[in-house]
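We just call them A, B, C, D, E and F in the order they show up, numbering each chain from 1.
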Amino acid sequence: MRKKKLSHQIVNETKDAVLLIEANLDDQTGEGLGYVMTQLLAAGAYDVYFTPIQMKKDRPAVKLSVLGNPLAKTALTKLILAETSTIGVRYQTWQRAIMQRHFETVQTPYGAVQLKVATYDDIEKKTPEFDDCAQLARKHQIPLMTVYQAALAAAGQLAKGE
Amino acid sequence: MRKKKLSHQIVNETKDAVLLIEANLDDQTGEGLGYVMTQLLAAGAYDVYFTPIQMKKDRPAVKLSVLGNPLAKTALTKLILAETSTIGVRYQTWQRAIMQRHFETVQTPYGAVQLKVATYDDIEKKTPEFDDCAQLARKHQIPLMTVYQAALAAAGQLAKGE
Amino acid sequence: MRKKKLSHQIVNETKDAVLLIEANLDDQTGEGLGYVMTQLLAAGAYDVYFTPIQMKKDRPAVKLSVLGNPLAKTALTKLILAETSTIGVRYQTWQRAIMQRHFETVQTPYGAVQLKVATYDDIEKKTPEFDDCAQLARKHQIPLMTVYQAALAAAGQLAKGE
Amino acid sequence: MRKKKLSHQIVNETKDAVLLIEANLDDQTGEGLGYVMTQLLAAGAYDVYFTPIQMKKDRPAVKLSVLGNPLAKTALTKLILAETSTIGVRYQTWQRAIMQRHFETVQTPYGAVQLKVATYDDIEKKTPEFDDCAQLARKHQIPLMTVYQAALAAAGQLAKGE
Amino acid sequence: MRKKKLSHQIVNETKDAVLLIEANLDDQTGEGLGYVMTQLLAAGAYDVYFTPIQMKKDRPAVKLSVLGNPLAKTALTKLILAETSTIGVRYQTWQRAIMQRHFETVQTPYGAVQLKVATYDDIEKKTPEFDDCAQLARKHQIPLMTVYQAALAAAGQLAKGE
Amino acid sequence: MRKKKLSHQIVNETKDAVLLIEANLDDQTGEGLGYVMTQLLAAGAYDVYFTPIQMKKDRPAVKLSVLGNPLAKTALTKLILAETSTIGVRYQTWQRAIMQRHFETVQTPYGAVQLKVATYDDIEKKTPEFDDCAQLARKHQIPLMTVYQAALAAAGQLAKGE
């Protein structure tokens, strides 16, 4: 697969707004939080992450953070209120600077791996797709690192040949 | 106690703004931070929490976060500047979506426990008040979990009978 | 399913030794660590967990901890050495005190849920199986907490009837 | 108060064994954990602390650690099994090296503060008792840091005069 | 060095805006992150800190936070995109309340130490400069705390003499 | 530099004991802890790391962990007691499984980079030395990742040619 053909796949978004919704949870179990992460990602959240925090009365707690489309504010808020123990969320809009991305494919001794190519002005980064590497490592029963390094080496060759 | 009777207790706030003040602290002890949390809550902060962070020069540190009424900005800021080692704070206003709350009481084999009932559109959650359960557990010298589960079970029965 | 019938399922282990293997990782990505957790659990580790730590040269890092059968020491060690970036692990044997467990089933309005019943001397705890509740919540498209509370209520009824 | 007079207060323990009991909890709330800490300290644990950890299935969790007298192993274990959701604990004995301690009193402009004097071979450290400082700060309505620095300064003066 | 002479060194900034840029990283090593912190501070960031977070697929991760001048937004953003694995950053402007600072010098038995004097309305805090204390501790091969306490004692004398 | 020539550099240690010393600190600043890490590493500790923990009275704290030679127990203990606020440490010996290591050198477009080659039974891992890559990145003013990927690619070529 060559670079040119993929040009129509380029994600042109380079600057936009992202919604961040947060809630502090000291009355929910970790089991419940793992379940909520899955629900929120299934509902279209861009990303969900947990931060360990410490609340009053010697309570270890977790801050739930959800990044999403500002248009999804009501849907994500209702999901958090329904599925967690919190009685409220706080939210804010952040600006973003995003690199343009497209994908290339390289051949390794273990099979094809996609490279994510991200560009921004004069910056270009090529990263092997983690899930491709993991799949090949499982298939060949070899360490993941072996596949990952092979993909990087192939990417390096590709760069030289261009 | 029935649901209707409690309607005047409903907290009608459902959407508002909340102030978040933060400071990174690498020159204060944990002892001092525990003291500051108490002072800030006594001064009317809605919530105070600590996040472990890592600062330059190999320093483990703590981010202090204070949620409060935007009108309390000056008072909370001065308290932080006076009682912590920081020479500055940063702050921002977040929007909030808050569920309406009222309280119901359920009977358990160990005594009465209040349920916090939180509603938002078609969402309704009933949570036993933790401090009620803790008090009964201490009084009867039984595990807290026993009281808490009994309160949850009573809430479940209540739901069925409605 | 009645309690008696399940008596042969009782796990009689109440005191034993468990192996703890640890490694500090500052040269591995989070992606890679998530993959390693899956591999280790598939290989029979009792439990795998990550602790955020802070290493020299301002490096945020992760401590990998693996609990397992002392007889699995070589297999788990080799898996860690093959799949992570560490060049060594440290290990130790801990003693354990374990509750006896068996399972009971309760009926909720949403379907059957297993209760894990754990006992130790005069202590008895009943906990709804999280995965059963999650499955019913997904099937009925209702909040997980609703199923969980119903299971606890059913457990309470069961207790009363005994 | 002079150093000699206090010699009978010296804690002579300098080397001994301490029990460490641990459990990973992903099915307990932060509220419940704060309660457990209080119960364990009341039951004679030397120290109780929480470490944020990350368990399987995307679950944020907490490692409970309890330091105590090896003779209290059964009592502390049963308390943890009764009051937390865990079905087992692991434990180990560690060796300790402990400094000898006695207390001295220094005068500050805000009142008397005890200094904890800890010695080990040629090492001597003097630390103002935090709770004394906190009490004077509350009494005089002044920042805690002001009292603490005054106590440290007085300790420094004391050192010079010896 | 006397207080008056230093008055021209006073930093008059008391209230301003600060830029906060953040990125979640689950595909970068801790080694790489330590390097990035150095690069960002060298490029003029006010502060850089790491927060341990937990992302999807059981991945332990790190949130990179960079505080800087809003005018440095493009430069800091490009440095993050070039030197980390992230394909995007989010950013926001926060308000700040900052104490006025000047420096005084005190003499200790181990040499001169600068005190940072920070004021805001009626609040005044004096803190020995950590790096001065560390340098003297290394030079005299004594514990850092000894120098720090001596500096505080000297500051107390200074205060008394004013 | 060829593999054979380096064989005398092989570190033959593959299994041994390591000392782990720990202390919980809630009365020390992050600044002080960063300083202590440097002192401990200079004194010969194998590794030093910090874990965020939560202690009683709402105190965020840090667990200091020091890995070292069991023969260095007294020296490391005294350094911790002298330079931190703790009045005691706990310690234990762990067993270790360590890979054999030697170094190879590969050429990249930016200069020579050492590869750490670690072996254990049939496992072999090659990792570019981070500090070599960082030095070349600074020299050529290019992203560190570019050098690191080039070193990995060269390692991949090397593997193919063997």
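In the analysis below, contacts are C-beta pairs under 8 Å (C-beta built on N, C-alpha and C of every residue); 3 or more make two chains touch, one makes a residue touch a chain.
If you want to know which protein each chain is, UniProt gives these names: A, B, C, D, E, F = Nickel insertion protein.
Model, not experiment: these values are computed from the prediction.
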Type of subunit A (Nickel insertion protein):subunit B (Nickel insertion protein) copy interface by residue overlap (half), same or different: different
Taking each chain's C-alpha mean as its centre, the one farthest from subunit B (Nickel insertion protein): F
Centroid comparison with subunit C (Nickel insertion protein) (C-alpha atoms), farthest chain: E
Inter-centroid spacing, subunit C (Nickel insertion protein) versus subunit A (Nickel insertion protein) (mean Cα positions, whole Å): 26
Subunit C (Nickel insertion protein)-subunit F (Nickel insertion protein) separation of Cα centroids, rounded to whole Å: 31
Set of subunit B (Nickel insertion protein) residues in contact with two or more other chains: 27, 31, 37, 50-52, 54-58, 60-61, 82, 85, 92, 123, 125, 130, 143, 145
In the complex, subunit E (Nickel insertion protein) residues that touch subunit A (Nickel insertion protein): 22, 24, 27, 51-56, 61, 63, 77-78, 81-82, 85, 87-92
Contact set on subunit D (Nickel insertion protein) toward subunit A (Nickel insertion protein) in their complex: 25-31, 33-34, 37-38, 50, 52, 55, 57-62, 85
Subunit F (Nickel insertion protein) to subunit C (Nickel insertion protein) touching residues, read off their complex: 18, 20, 37, 41, 47-52, 65, 67, 92, 94-99, 101, 116, 118, 120-121, 123, 125, 127, 130
Touch list for subunit E (Nickel insertion protein) against partner subunit D (Nickel insertion protein), complex: 52, 54, 56-58, 60, 109, 123, 125-126, 143, 145, 149-150, 152-157
Subunit F (Nickel insertion protein)-facing residues of subunit E (Nickel insertion protein), complex: 31-32, 35, 52, 82-83, 85, 130, 134, 143-145
